[in-house]
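Here subunit A shows up in two complexes: once beside subunit B, once beside subunit C.
Take a look at the complex of A and B:
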């Protein structure tokens, strides 16, 4: 519930608030979003399997995105697209987490 | 208390995530807009805007002057029979040189670039200048009386050629990765058969684009907006 309200507020803020982030940061934000989505899916999985811990979620959220951004920056400087690694890993994990969530939810539905 | 704290942290993080996602969406759509006009830096963007504005204003002036000429002409043609004939001739010459907007039966050909599933090559060149020249040539051969590409009137002095990342016709740019509309006025059945004749449309264009055409009784082709200037060609007087 809190999450949805927060998400809604965030989306509205993003649309209404005209904060000026330079365009060159755009790829960083893209990768950071992906990292954050990964932690959100991790958190969803945690809450479905009843071992969700807020501290791990928060640290993962910021840690993942910071690491992803750092990797994009490094790749930019070295001239190799390291961000692909971030995209592949996070993408894979999102699918993994989703698969587990799916299984848990279906098991739950069946046991009722 | 601990529960409240964790709930709050989740809420704040969701605010952040939502903000980032919507902001990024906004940025990306803005970027796409910017690349549409083939400008990336804000200065060029603003300059472009200003030039567009001044173009509209100048166009208004041209329209005003045109309206004035029409008044004068109408005045002149009513004077006597001779000036009436002269006026008719003037009108015909105007149609020929593209100096006036014309309407009538004809066809519209749409060249729509096929979408790439992977979308990565959205800026790839799909339509080549030679394709357009070929189609225009076919239309001309089928007795088209007036032709326009994306509402740019083609005249006897129009060139169609690639330049940079666009196709330039009469100094106006058209994108080679977006839909191109060719309008032609003439006998519509003849035009349709000319365009649908095998080989009339280059195979490469057929591969990269979907080509559809529409017959219509009321096609309007705008006028050519520039003045002709003859620096070198002079009529030769016969003795």
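Take a look at the complex of A and C:
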């Protein structure tokens, strides 16, 4: 719930400020968004299963996105789409985390 | 407590993600995506423009460095003179007024011999020489000489019986044709493309082509004469 509210606020802020990033950076931002999204899902899972750790979350949030951006850059230079690796890993983890969150929430709802 | 902390972090993180998404969507909405064909076209266009820009930059650089040489220094006159001399000598090289050397190909053409019958197709004619020069020029030869005579802009070949008159100078077979240029390009062009050499070989004329690293071609020894043409921007 919090995530959606934050997302909404962020989108509105972005639209209001209307910041344009150069089109060159578009793929970088896209992959970074994916990495951040993965971290957020990880944090949600942590908060649901009560083992959230702020340091791990923050380091993952920035480290993952930085690594993903670096991968995109490297792939761009080498001419192979390395960013696909980041997309696949992050995508898979998002679904994994979502599955775990789902299970935990449903279990919680049932136990009440 | 732990849950609260997580909520705050997730809240901040999702705001950041929302911002990023909004920023990205902001210009994706302007329809900046191309399909493969458009992308290729745009890419080609870009590289073309880049190379044009590079060319222009080089021209600009050489022109401006020339200008600087004219402008700067106390020995202006000498520098200008030097520069003019440089230009004159490079023009002489292009015209064929000075000896040149460089990589290229050496071609030897010799009249063919046949035991059973004599035929005019075994001989090398004036037109063959002209075609050979044309082929070499087409392949990018920068300097050509035949039997030591430099080929210049107004050369002609004429059949005068057994020898061939090259600009009035009689030359006889075997013809040693030297050409300076990119040796691989010249060699491959002459041997692979359907050039006149193929026809000569078919006519059983003896042809040999070899690459050479260091060919010397002497200067054109005749005069440069013109009677009727005048420069259109002559200063009076």
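Methods note: the second predicted complex is superposed on the first by the 102 of 112 C-alpha atoms of A that agree within 3 Å, B and C clash if a C-alpha of one lies under 4 Å from a C-alpha of the other, contacts with A are read in each partner's own complex, and residues count from 1 in each chain.
The rule is short, and it goes like this: a contact is a pair of C-beta atoms (placed from the backbone, for glycine too) under 8 Å apart; a residue touches a chain by one contact, two chains touch by 3 or more.
Everything numeric in this text was worked out from a predicted model, so none of it was measured.
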item	value
Subunit B versus subunit C as contact partner of A:111, first or second or both or neither	neither
First (subunit B), second (subunit C), both or neither touched by A:9	both
Partner chain in contact with A:32 - subunit B first, subunit C second, else both or neither	both
First (subunit B), second (subunit C), both or neither touched by A:54	both
First, second, both or neither for A:44, with subunit B first and subunit C second	second
Overlapping contact positions on subunit A, where the subunit C interface meets the subunit B interface	2-15, 19, 21, 23, 26, 29-30, 32-33, 36-37, 40, 43, 54, 57-58, 61
Subunit B-facing residues of subunit A, complex	2-15, 17, 19, 21, 23, 26, 29-30, 32-33, 36-37, 40, 43, 54-55, 57-58, 61
Residue ranges of subunit C touching subunit A (in the complex, touch as defined)	2-3, 5-7, 9-24, 26-28, 32
Complex contacts: residues of subunit B adjacent to subunit A	5-28, 31
Touch list for subunit A against partner subunit C, complex	2-15, 18-21, 23, 26, 29-30, 32-33, 36-37, 39-40, 43-44, 46-47, 50, 52, 54, 57-58, 61
